[in-house]
């Protein structure tokens, strides 16, 4: 950590500040220029808060040199993490492209089983399906909730596919006992109490990037989970909010190689939510595949035109089959 | 709601779609142009989801005419709502400028009581203080938690000031029984399960705008609380995330008159979090006061340089006194 | 164009407004609901300005149905445009991936000729090189200017490669007589007088998307050039400005398929400026290639570490060779 | 400037790099930590380009300590600059609130003279009026151009009010000989060739902040003008582009106190373009006045409903009178 002091900082104040920091077991190395003094803080500065340092009256600005995340940091864990999902241990992060597919919302037993069978046949290795749905409006369909979870487990029994579904509240955690991957949605990426709670289970977690969160903040949220003990975190890039209005969000495809560089955790891409339009799922999936994503999470519906939510971005079976074919061909090259 | 159909939409498909919508009790009025057909949906379209409509294959685009919020809507509730806080019924939204002040974090009994007495003496009518702190890093100080709540209640006993403090989890709701205003932080603005839960109490809620949320989304989150029965919602503009890096966030001061136009709910401004710098609190507070904010929530600390969090943006007592003096003068004019 | 009227709009005002619009040769089709009246404007509404309509006092809001661009619109020009560059007519937009490569800045005759020969050998078909450089600071190197143009023409003579270089002022237009593609940089995307001026030549133009401009605005700027007669416009996605700070800009990869859908113009991607980091050029180039970009514009330097500008994002010859190899393999698959 | 080196930087490379920098007359002060070496560059680093430094292979990151602007910097010019406009020397920046008012576009002699007389009567000290109009669409009204300038000069003759009007091209500079303030619009804020050109006149310049430009970039653009000799720069905050769609742009009111701190140049606020809605002009003007703006630039039209452009954001005379009354009262307090 580098601390730039104000031009008029008095010698005695600098000394006092230095002692306070050294008392925390951190070495302070000063660099005295003609107009400016800079202090370098050496050692484990992860526990130092930049805002606390900024508040010291002789401090002009502060800059981290080390990344503030440890468990998620590739520097301390050079090998790729492979997360194993469900009883069969379906791998995510092993160099192959995992496809997690299914409807936005579970709507009925018939629907979820039909979709599960079909996406399995076409190559998906995990079934996604929403039972609890975060909706901007309280008047929109909120998901089938507990009943939806039951139907997902039916589909799992029927097809053997492990399940990923979104958890929105600590209250529902028991319902998710047999769900294989707990999804934390974009809106809850910084719901720190929820992160801590799921950090205490050993179940895989799919952590989606928040709409206005930086890559570093995503990794810090992963760190919340990992610091509690759960190392099975899968990150997800699903588009960020920008000024562009043609697409629902702006897919930050660059996040894939950057996250792979900074962290050993697997990262998947969600082209359905990023674009909000089904015709964009194929091109974005291909881009994600060649840029190194560990997987894709794709909305597939038996009848997108009559879906209860987010139908505009869901693929029908024919479209999904086409995407899977294209991806297969691409991956064979790469 | 206005639905623009695709150029090649077939007559039979339009008829089928029209019947589906009319089955929901909504009148459909078509406008047939040379190239385009447009359908107007008349009646209560609040329950229609735009994404569901978008998914219909003959639909090109959809646009709402009515705002999607009802309880929060000034059209259906023209008078300003005045929220009464605590036993004494301290008003927020009655045309005067309420000042909610106190430290970012509760740190000790001595500190919180000292600050409470001082901000009361200088004109604050509510004491703010964080017991549970949302921090980007799991390694940063997370607040005194339950002990912090106890100390806030001590400060209330001592000074009579009602208390506002942030709630981060349903788990902690019982601890907040004697807290007078529950604060929902920016990161939890779309934690819908938490919103529903506090919608079931009748306690005033201070709902902060999310970092990347529009004003309409803020009102929809208020709607989540109000739809459950709790009408005591105070909105808070605290800066949004933009490309500008000089300030921590960008205060969207225009949100004040816009929210006042769209909604009857009171709105307060948080100049401390918006700017992240104590010297900006005074000018931003003055701007908020003249533009019509119902209140300000200001960080004040007995010793900002040694604060455990966010010290950089806290005022000391002298600075707070100066701000209060300036505001008094301004309000006398306006 | 759809015009939603205010709830209290008087019948006589609606009639008056209707007549004003009809006087412009546009058919007005009203849709009268219980609370709201909506007017559909049918015909060529391209010349109607949305702001003018918004200013009419009975108007609540306005929405376009037709895209406001014509010459650039795929609806009126379904086939892909292929822009032919230089004497040999090097194609951009013919389904193959064109690579435009070269240094950020021309620095010396030796340098530019060395780079030109090398990028040609490795498969680039156009040489890029900056002579006039837009720099945030007036104290930064502003390019070799007229001398740089001369050196680029030397490199062209030597290698036969056509040249693309940025034009920043009408004043310099004569200097560009033998430059094959005029580049309009992101900062000048809405320098409308410059756009009109180059619309009057028949030289290919590489038009870069502005940092905070939507895809529609990019197409409207292309329209400025095309409306003056010049149809040889190549669009360029080079990253937009967002809150993310890890990369210099955020590459909006989705712009490629969207622009291809809306327009017949070719679009190339600039991974160097989008990311600002040389190690990201390879992954972003691959993503751009599979998602359907017509070309890539890549910074290549003989000695990036000593480049006079933007060295951090330039590839050296070895890195460029590797990228070209990867792209070749990918393109063979796709 | 602080340069953080990579962990594996070799001693000989550090020495080589140090010598290169010292050759530019800059003192290099190293700080050697256990894992990281940091170099402090002391002296005039304004001419060093951060990108050039970043490109050096042993460099991890770079950070400026000094602001990169000099002429515009308050540190080197502590007193407020007062720009004197026109023959009478109308002051902007002298502590009073200057009001620049007039129509978006000049439309006719009758109109501009009527507006000029009226805004003068109501207290404006400069007449604004657009002759050359930057429009997103080439099919929108582009202004009366040279004829518009003539009419503005008529209005000046009639009322004595100095004139501010937007210059979009070097080509038109002669036409502006008798215009008192040259306005550089948001879209041309980084049209560096235009900035240099007007830096060579001694006429006051109103420089508007670009839609996606930081405050520092605004000051760097002012620096372009000032480095050429022209010190008469007036800055203008007119809203930035964000994700919020209710208002056309988001007024960054905090820019006023920040710019006043960083620079001695006057800053005015444009509430009309920031909001795009006439009813927001009054509240935003009041906020700007109390936060310390040196002036306001307000669109006023004799008949906003029939204005040729931007009518939605123009005030009529009655509304303008009301705003001026409110501002007078406020300023008397402050």
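A few notes on this one:
Just so it is clear, A, B, C and D label the chains in written order, and each chain counts residues from 1 on its own.
Throughout what follows, a contact is a pair of C-beta atoms (placed from the backbone, for glycine too) under 8 Å apart; a residue touches a chain by one contact, two chains touch by 3 or more.
The model shown is predicted, which means the values in this text are computed figures rather than measured ones.
Ranking all chains by how far their C-alpha centres lie from the centre of chain D, first place goes to A. With centres taken as mean Cα positions, chain B sits 26 Å from chain A.
Rounded to whole angstrom, the centroid-to-centroid distance between chain B and chain C, based on C-alpha atoms, equals 40 Å. With centres taken as mean Cα positions, chain D sits 26 Å from chain C. Averaging C-alpha coordinates per chain places the centre of chain A 32 Å away from that of chain C.
Residue numbers of chain D whose C-beta contacts span two or more other chains: 212, 241-243, 245.
If each chain is drawn as a node and touching chains are joined, the picture has every node linked to every other. On chain C, the positions that touch chain A within their shared complex are 212, 214-216, 240, 242-247, 250-254, 256-258, 261, 274-275, 279-280, 283-284, 286-292, 329-330, 332-334. Note for the complex: chain A touches chain D at residues 2, 4, 27, 29-36, 38, 40, 42, 60, 63, 65, 212, 241-243, 245. Every residue of chain C that touches chain D in the complex is listed here, in rising order: 46-47, 49, 51-52, 54-57, 68-69, 132, 134-141, 168-171, 187-188, 190-194, 196, 210-212, 217, 220, 223-224, 227, 241, 304-312, 314.
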